[in-house]
Structures are given as C-alpha cells and as structure tokens.
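One chain, subunit A, appears in both complexes that follow, with subunit B as partner in the first and subunit C in the second.
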Partner chain A sequence: MSEMWINMGPQHPMTHGLWNLRVRIDGETVLDVDPEMGYLHRGIEKISEDRHYNEVITLMDRTCYVAGLAWEHLYIIAAEKALRIQPPERADYLRMMCEEFQRIGSHLMWYAAFVQDIGLMSPFLYGMRDRDLVLDLFQSYTGARMTYEYMRVGGVRNDLPPGFTDQARKVLDWLVPRFKEYDQLCLGSDIFHKRCDHLGVLSASDCIRHGVTGPMLRSAGVKRDLRKNRPYSLYKEVDFDVAVADGADVTARYLVRMEEMRQSVRILRQVVDWLDAHPGPVMAETVPRWMGAPYAPVGREGYLLKRQYPKGVGFSSIEEPHGEAQAYVVNEGGEHPYRVKFRSPVFANLSAARTYLVGYHVADIPPIMGSVDVCVGECDR
Partner chain B sequence: MSNVTLYSVSYLLSDTVLRAIGSVLPRPLSAWITNADLITGIAVLVFGALLLAASMLNTIVLIWWERKLLGRFMDRRGAMHVGYAGLLQNFADGFKLFRKTTVQPRDADSLGFYTGPTAYMVTSMILFGILPISSGWNSGVLPLSLLLALAVFSFAPLFIFVSAWSSNNKYSLMGGMRSAAQMIAYEVPLLLAVVAVVIVAGSFDLTTIVYEQQNYWFWGPLVVALVVFFAGMLAEMERIPFDLPEAEAELVEGWNTEYGGMLFAFFMLADYLRALVGSILVVLLFLGGWTLPTWVPAALTSFPLAGIVWFMVKTYIVFGVFVWIRASLPRVRTDQLLRVGWNRMIPLSLLSVFLAALLVTVKCLPVFGCVPSLGV
Partner chain C sequence: MASEVTAKEKPGEHPVLWVARPMATAARQFAKSLFRPSTIVYPYERLENPEFRDRLEVASGKPFGVGQVWDNYRGVHALNIATCISCNLCAFSCPDVCIEMVSVPGGDPKHPKKCPQIDYGKCSYCGFCSDACPEGCLTMTTRYELSTPKRSEMIYSPEKLHEIFRSKLPMNPIRLARPENEDAILLDPPLCIGCNACSRDCPTQCITMLDIPKPEAKPGEKLPRRIWKEPVVNDSDCVRCGTCISVCPKECLFWGTRK
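Then we have the complex of A and B:
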C-alpha cells in the first residue's frame, strides 16, 4: 500500500471524545500524526467572566466529565486566593476527599477505556462497575453523579450525610482487592505485555520539553507530584508516596495509575478518619453575602449590589488525575472574575502526540492514546 | 427410534403432507401428487429446509449463549427482557436489522458491495450441508466431506476482501487486507492439524473419523493438533484475541465498517455460522462427535436422538471455551499474529503430524488403547 492519510476521529472509537487524530500511514506503520483539537471548545474561560464566582463552579463540572470535582477544587483555590478568603479546615479535608475519590473514579474510567482499547472486554465492565461505587458516594453527599457543584468559595456546600464515612470505608475495602484483580487481568497476560511494553515511549526529557505532566511524566521516572512538590490544600498533613515507574511506555503508565489509586486509598483512609474525629463548620464566615452563604439562599438584592471587594489575583495548580492543571483568576473588584485562565494537562499531553506515536503500528495507536488518558472536555475547555 | 435419520424424517414429512393434499384432490391430480418421484423430490427440498432452519436456529441460540456467557464473565446478566432469559432478544435484533435501510456509500462498487456479504453467508451455510450431526443425520456419505468442508470454509477471505475493497473506505480496506493475511496464514497450520487427525483416522469422511474415536477421543493423543486447530479456528473465526480485521479500537468495525441493516446482519450471521462450524469441527475431529465413551451408562446414550443432544452439548461447551477466551484475553497485533502463525503454529502443526504418524506406527498407546482401523 502507498502512503495515505487517515482521519482517526472526530467520530472514532479510539478517540474517547471529540477530537481528530490525522495519521499518515504506510501499510500499518505510522509515519506522521497530526492531532486536531478544538471540536469541543465551549469558551469556558470567556463564559466565566460573565458569572459570579460561585457560578463558575457549574462550568468546572462540565470541563472534565470524569474529574469534575478536581477541577472545582482547582478553580476554588485560585478564586479564594483572588478573594482572600480562607476556608475552614474541615472544608479543606472534604475537598481533598473529593479530589482523591475523583482520582480513583477517573483512573477507573481510564482503566475501563484503556483495556477496551487493547481488546480486553471484561475488565472494561469491572472498571465501570467499581467506578459506580465511587459515583454512588458522590451522589450521597453532592446529590449528583457527574455535575456535582459541591464546592463553594469559602468552603463546601454541605457537610457529609450521617453514615457516609462508614460507607466510604466499605468502598475502599472493596476497591483494594479489586486493584489486584485488575493487575492479574492485565499484567498477568503475556499478550498485554506484547502489546504494551516499549510502546509509546516518551522519555523524561521529551516530557519536560513538551510540558507533559501527570502520570505520563511520572512513568518516565520523574518524581513530580504537586501534592508533594508544592502541597496545596492540606496535602502536607497526609502521608502518601508518589507513584513513579521507569520505562516511559504504556505499561509504565498503567503501573503509575494503578499505584496512584492505591495511594489515593491510603490518603482517603486518613482523610476519612480525620473527618470522623473533627466535626466543624464547612464554610468560612468571612464569605461576603453576595457570594452565597451555605444553606441560605442568596437574596436578589445580593446579586444586584455592586459590592466592592479588595482586588487581587489568584493562581493555583493542582495534581489533577490527568496531570498538572493550573488556574489563574483575576479579581478586579466586581462580582465576576475579570479574567479566568485554565491550563489543561491533557492539551499538552495530546500535543506531544507526534513524539510518542510516530514509528509504531496503526494497531498501537489505541493503546498509546489510551495510556495518555484523553479527556477532550478539559483539553478544549 | 434410534434409526431415525435426517432423510427419513424429511421423507416422512413430505409423504404425509403430499398424501394429505392428495386425499382431498380429484383423482388424476391426486395420483400425480402422490407419485413416488414427486414425494422423493419434495423430501429433498424438505431436507434442505430442515438443515437451513436448524443451522439458523442454532446460530441464533449460539449468539444468545455467547451473550449470556459473556454477560456472566463480565459480572452482568446479558440479555434479559425479550422472552425467557432474553431468548428472543436475537430475533428482535434480527428483525430490527431486517427493517433497516441498507446504505451504500456513494463511490462503493455495487457488485462487490452486495455480492460480498451474500456470498460470505451462502458459503458459510453450505457448510451445514456437509457436516454430519449424528449417525444418519447428514446429507449422505461423502468420502471427502472433511476436505470439502475445509475448502468451503476457506472461501471466506476472498469474499471479505471483495466486500472490504468495494466499500471504498480506508478502514474497510485495511481490515480486508488484515483479514486476508490472517486467514491465509492460519489456513496452513489448520490444515496440517487436520492432516494429523486424518492420518490417525485413516479417512477424510467425518462420519468415519467420529467412529474411529470409539476407543478414545483424539484430543488425548493428538493434543498438539487440538491446540493448533483451536488457535487456528480462533483466527479463522476472527474472534478475540485474533479479531484484528475488525479491531474496533483502531479500525472502527474493520471490513464491515460501511455495512448496515440486513447486509450487516449477513456478516454477523455468517460470523456466527462459521463459529458454529468451527465448534462442530472441534467436536467432530477431537471430541468424539456424537458418541460418548463406552463407560457411560447406556441410559444416557439410548434415548431418542441422544446423538444429536450430546453433539449439541459438546458443541456449545466448545463454543463456551471460545467465549471464555474472548472474555479474558486482549487482542494481539497483526505482525505479532502473523509471526506466531508462521513461526510457531506451523512448526507445531508439523510436530502434530509427526506425532500422528508415530501413533499410527506404534498402533497402540499405553493409556488410550489402540487405533481401531489399523486392525490391532
């Protein structure tokens, strides 16, 4: 066969979202790739400028469909810095719990999609089944399974329902043996190693050159995790290890994500224990009334009032399940943020596609892209 | 009841129906319609219709069986709502596909686009006229029935490639290429594994091969051949881990990407027909066909149509193993598949031929007993 371009996307089972990977192939060999993003661009940054600080949270859930709470967390930290509001300690722990559960949920979703890409059928449903337990937990305290709108500037919307921590411990106890099962299904299979070893190699220097972060960076042996390197929230209070692997290939990324889930379980056990032992307020008292206090609907006049608030900017960067996400919120004193800017890790990870795809086979594209863990929502914003 | 054969059943049906019609008709017409030649002719048609109905019904039940098994492997229940335990789900699906419009891509080649799936299904169905299901339940004594079955079985890559090429889609073309490469690569070890069986049984006739297994089923002494045959069948059926021609993740749906509605149903049906044939061949060649070992109590083998029942049980268990493999293994890559095919499977199949020759020379095995046809 002569060389030809094929479009893998925007409607293609490999993409797991709405983007297009143009591939130039010769027979089964990939000669060149050209990732095209932007099909899902919704202008979230611009829309944010017309919304109250708390209303932006709604958009954050829509930014990434598997990691909504992590993105809420990202935005909330930046917004609180811009508004100079300090959340109570319990709220911070609740947010950490949200983020870690979200990490498990997101990685389980990744696992399900990834094994589907290499043709494993049953683990796909195992991953989805176990993710459902995490979603059930979310539902029990946020009321939603995907669009949570749980965090607020100055705290979180509501405290946990009674009995939640026991339920959470039960889920964690269920999950830990499942991770072993996943490993048996994948790492125990020779075909898995045949398909994934030495595939999609992206060395540490290439990762840094392209701004690739998250599990992809750690799979190249770089021990960088913002929860450790630049602790935000109260991550310095909890004890955990950074998951690192050598190899920089698809298998290494698998190992890193699996280990991250185990570490998340470790963090969650500590956080849940803390939450049990320390009841308290979940909302800061200094939140201005027009921002919306917990449990009390905001009066109409609150929104209309042109309240002057000290100006400021806030920057945050968190270790989102896909990588390092960053947010920049400019507060010019109005009710709305003047400018909001997000940095999506997936955008950088995808943009480096040429580096880790060229030279492999067409059949290698799904496992490699699967190991990148694409979430187009947050990539295009 | 033990001497009921497929032909006697169809003759009985034809005879009864035609005589019933003849009894109400006026004399000259009645004499013509109850003519022995006509009854025999209609009996042949009934014979074909019975085979067709049985193969279709079995295929549909096979799909149900796969869905239920796969569901259980995946910690869910599979089809549940249409009919008892979802038994009628496939009829509903088939009816839905039947009603759908067939969309032909603008630049597709009509001739290939339509004849490809049709020929694929027809050749798959011809196989059922060749395979014996039980003693007497076949379409007559064909001395080379195994050879004929494998020859018809290997038509498939041609029709797949024709339909893929005429779809005018890059994914289809790649899927078609892969399919052709894969099927041709696995045809060779498959045939060599069959040669091992033929050497031991001393016949190309499937019925004879089954009766040669009265002392021991061939899977024991010919276990290498069984492994090769099983893997080769897996590749011929294009099931996971060898389903790369329709590798969903990269090729959308492979060679049948552009097919929808009834043409897609043709492909789907033919795939399962071939899966059924594959399982049947494993049972016939290695698992003693419709016979049971002699130590089994006679009550289990003497009830009416016992042969067919045991044959179906074995076939569905073998297919269950295929489903099990599908539920637990990832997909391999084309180059890996071809490398395994040419570098591992062919030497293995040659080894199995050698072992079979050795077995025939030795004539008797300590555990398994003797080869009956060699007169020891």
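Then we have the complex of A and C:
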C-alpha cells in the first residue's frame, strides 16, 4: 500500500488543544510524524515587557489554563529574585499549597481527558467531578475558578478565609479513596492493559536527549523531581517521595501521575497543618510602590532613572504538573521587566513525538498523546 | 509503587471479569449518584442563591465553594458613586485598559467628578481595580451573566455599576494584603515652581501649599522665576493615588519613604 501523510489536527479530539500532528502512514503503521505547534501563540513574553511586574500574573493564568497557579508560582519566584524581595514564610507555604492543589487538579484533568482517549466514559465524569472540589477550594480564597491572579510580588493577595483548612482536609479525605477507585476502573481491567502496556515507549536516554521532563521522564525510571533535586520555595521542609515507575510506556505514565497525586495529598496535609499553626503576614513588609501593588503612577522616566533602582536578573525552575518549567526575568530598572522568557515542558515533550510514535499503529496515537498531557496554551505561550 | 491494584492478578481468568470488575465500581458510583447527584440544574438552581446552597448536598458531600465563600467570587463590579473620589487608580491599574473615567453629575463644575466606566468586552476580572481602590467603593460581586445581543451594551456606565451596588449583591470581601510600608510622596524642593497643580488635583485635598521664604539674591545671581510656595502632604489623609506625581509639570514629586 502506498504511503501518505494525514493531518491529525488542528481540530481533532486527540490534540487536546490547537496543534497539528502530521502523520505519515503505510496502512495502519506510523512511519513518521511531524508535530506542528504555534497555533496558539499569543506573544506572552513580549506582552510581559509592557506590563508592571504584578500585571504579568494575569498572563500567567492564561499561559496554562489547567495549571495557572503553578505558572504564577514560577514567574513570581523569578520576579522576586530579580527585584530582590523576600516573601514571608506563610506566603511561601500558601504558594506551595496552591501548587500542590493545582497539581492534583491538573492531573485529574489529565485523567479525565486520558480515559476519554482510550474510550472510557464514566471515569471521565468522576475525574471532572473530583476536580471541581479542588476548583471550589481555589474559588474560596482566590475568587475565581480558572484565572486566579492570586500571587503578588512580595507575597500573596490575601490570607485564607476562616474554615478553609477544615474544608481542605475534608477534600483530601474525599480524594484518597477516589484514587483507589480510579485504579479499579483502569488498572483493574485487562482491557486497559491490553490497550496501554508497552505503548509509546520512550527510554530514559531518549528522554534526556530530547529534554523530556516531568512524569514522562519519571515513568522511564529516572528519579528526577525538582522539588527534591533543586528544592525551591520551602519544599525542603516537607516530607514526600518522588513517584517513579518502570516501563516508560503509557501505563507507567498513568502510575506515575496517580502516585504523584497521592504524594501531593501527603504534602498538602503537612502544609495545611503548618498553615493552621502559624498565622502571620502574607505580604512582605517592604515592597516598593513602583514594583506593583497597589498601583499608582510612578512619575516619568527621568525620575525612574534618577532613583537608582536595583537591577538584576531572576531565574527559577519549578516542577510544574507537566514537567520542568523555567522562567527568566531581567530587571533593568523601571516599572516593567526588560525581558521575560519562559521554558515550557510541554513543548519539549511534544517535540519528541517522533521518538515515541513511530512504529505504532494509528489507533495507538490518541492514548499515547493522551499520556503526554498536552497543554497547548503553555506550549505555544 | 503504592498502587493497591496490581496489573494482571490472574492471567487465566475469564474475559467477562475484565469488564465486570471495573463495572462493579462504576455501578457503585451510579447507585450513590441516584440519591446525591453531582450536578445542579443551573438556570433553576443557582449557587449564588443562599437558600439553595444551604440545602445543597452533592455526591462529594457539602462543597466548600457554595458555602459563604461563594461571596468571594470575582464577577461584575459594583460602584458606589457617592464615595468615589475620582482618583483614577482603577483605570491606571487595569491591565486590559478597559476602564475609562467618565464624568458623572455632581462635584464642582470646575473639576467634574469622574467615575469608572467598564467595558466588559475587554475585562478579564483580575480584580486589580478593586484591589487598588483606596476607598473601597469599587468592588466585585457574584453576578456573572453578561450575555447581550449588542456589543455596546457590554460597556457599563458608572450609573449602571451603581445600580448593581444598590441591588445588594454580595460583594467580594477579600481585600488585598498591602505591604506595611505605605510609601509617602516626597518633594525635590529645588525643582518645584509652586504651581499648585498637585494641590488643585488632589482628590482628597490633603496637599496644602505653604509659603516659603524668598531667599536673598546674591550679587550676580538670578533667582528662579517661581511662586514661593511648596506643597506639604498630609500623610494620614493621603490615599497614595499618585495623581500629584502625574500632574506635576516639573517632575519634582516622587515616591519615597519618609524618615
């Protein structure tokens, strides 16, 4: 049979977003793939150069629409390093809580989309139902379900409302048995194993060569998690394990993400207990007015230069739900960042598609791409 | 791995069990959901309705988002025109430039009172404007239904925002945690020309122009042409809006910390 190229995307249920996977097939066998990204490019890095340090946070929520708080955390660490501001301890714990809840929310979203890809309908509803509890928690203290705008340079916007920690514990208690149910629904069925085992294998050396990070790297048996290897925020203080699996296939990625959610629950229990016991300020004592909140005119450029602002650069890298994200903020003085650069883990994970798709069948592409956890907003920025 | 269900426990089992085991879990969920559904019938049941959410119980128990904290939701703004001081901070802080200050009746005719008019076609509901509002007169409410057949109706005038304020919707009670150092407005005296612009435009009238002594001109030296007055800021009344800084023609006012 003759070979041909087909387009899976940009409008295709497999893509989970707006990108195009060109596939060269011979019958049912995939011979070559060519991922095309960039349909969702919004120029976030360039827009950031024209905004106050705090106003960039509104863009961070839109960078990744399932893990907004993790991206806020990423940017805030870099911006605070560039501006030389130290946040109070409680703000750091609040940010960790945000990130871990966001990890659970993002992985539940991934679970719902992934089981859809392999043809299961009810687990999709269970995943979305339980994600809603996490969103309810976010709404209770940030005021929004998706675009949170919670973190600020020098701290966070507000403290937790009364009764939050009790409810957070209730949600965690509800979630843990649900993870077991998810496993029963997926791993308990041999159909799942027949569909997903030994599929989309990406070995550890290939992962490292292509810069693939996050659950995909850990599913290949590499024990690398930035929360352990290069602890940022206050991850040194909490106790957790790195989720690793062998096999480097779709099932292994499922196992890693499920275990990561359990570890997130473990972290969250410690963090919530700490937050209960240590009330305190959530905003740094001294945040110069021109750096952001609250907002006011800062005078003309002549005065900005005259006042000898501290200059500097900030770099941060965090373990985002999809992988290792990095941010670089250059502060050349003035109210706007001079340059902002982000490194998206999904871009690297998608770019390696040729390595883990070639040789499998066309019907294997949706489960394999589903196990990658694609978020195109963050990939294209 | 801590996973309790291991793969392929019994290799030789009957294929019906492949399907039956997960389906038993799903059936359990189905039976539970008959008594406590996970969803609400939206247009008829509303989460922002306190009577409804008090008796609401979904499959996962009582959801937190529908408790009293639903009031924290950031929706359409409410504006109290009476307490607005026209300081312009909301318009300045808006990342999407969707706020325009328009004149409203009231105020003295020389300096008309200006209140925010919000274009909801652009608004991203970030809440920076209500964070920046020094008087707390611009807040966000739980209203979220905005659909309209006309694009021009997406622009809410101050009067329309005031109506939302009067409708007594729950306001977002979350306020920004402000840094403790509230920077003060400082003056670079040699640059000042005593023009009175800052004092005239200050929305809280906390700037007074005080006379300063006119120095004696030394022989051969020319005194600058200026009014011999200098602004003095009353820090307790100042809302730190920065209007004086932006109107100063000589750039002699700036943010700093008063020693």
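A few points about this structure:
Just so it is clear, the second predicted complex is superposed on the first by the 362 of 381 C-alpha atoms of A that agree within 3 Å, B and C clash if a C-alpha of one lies under 4 Å from a C-alpha of the other, contacts with A are read in each partner's own complex, and residues count from 1 in each chain.
We adopt the following convention: contacts are C-beta pairs under 8 Å (C-beta built on N, C-alpha and C of every residue); 3 or more make two chains touch, one makes a residue touch a chain.
This is a predicted model, so every value here is computed, not measured.
In the superposed pair of complexes, A:M283 makes contact with subunit C only, with no contact to subunit B. Look at A:P13: by the touch rule set out above, it reaches subunit B but stays clear of subunit C. Shared-chain residue A:H361: touches subunit B; no touch with subunit C. In the superposed model, A:D136 lies in contact with subunit C only, and not with subunit B. In the superposition on chain A, A:Y126 contacts both subunit B and subunit C. In the overlay built on the shared chain, the residue A:L187 is in contact with subunit C alone; subunit B does not reach it. Applying the stated contact rule after C-alpha superposition, one finds that A:V176 touches neither subunit B nor subunit C. A count of residues in subunit A touched by subunit B and by subunit C gives the higher number to C. Residue contacts after overlaying the shared chain place A:R157 against subunit C, while subunit B stays out of touching range.
Shared contact residues of subunit A with subunit B and subunit C: 122, 125-126, 129, 185-186, 189, 191. Residues of subunit A touching subunit B in their complex: 1, 4, 6, 8, 12-14, 28, 115-122, 124-126, 129, 185-186, 189, 191-192, 194-195, 361-366, 370. Residue ranges on subunit C touching subunit A, taken from their complex, read 1-8, 15, 18-19, 21-22, 25-26, 29, 38, 59-61, 63-67, 69-70, 72-74, 89, 92-93, 95, 124-128, 131-132, 134, 140, 172, 174-181, 183, 240-243, 245-246, 248, 251, 253-255.
On subunit B, the positions that touch subunit A within their shared complex are 70, 73-76, 170-171, 174, 177, 240-241, 243-244, 247-250, 252, 326-336.
Chain contact summary for the complex, subunit A toward subunit C: residues 51, 54-55, 58, 122, 125-126, 129-130, 132-133, 135-137, 139-144, 147, 149, 152, 154-159, 161, 163-164, 167, 170-171, 174, 180-181, 183-191, 193, 197, 243, 245, 251, 255, 258-259, 262, 281-290, 293-300, 302-303, 307.
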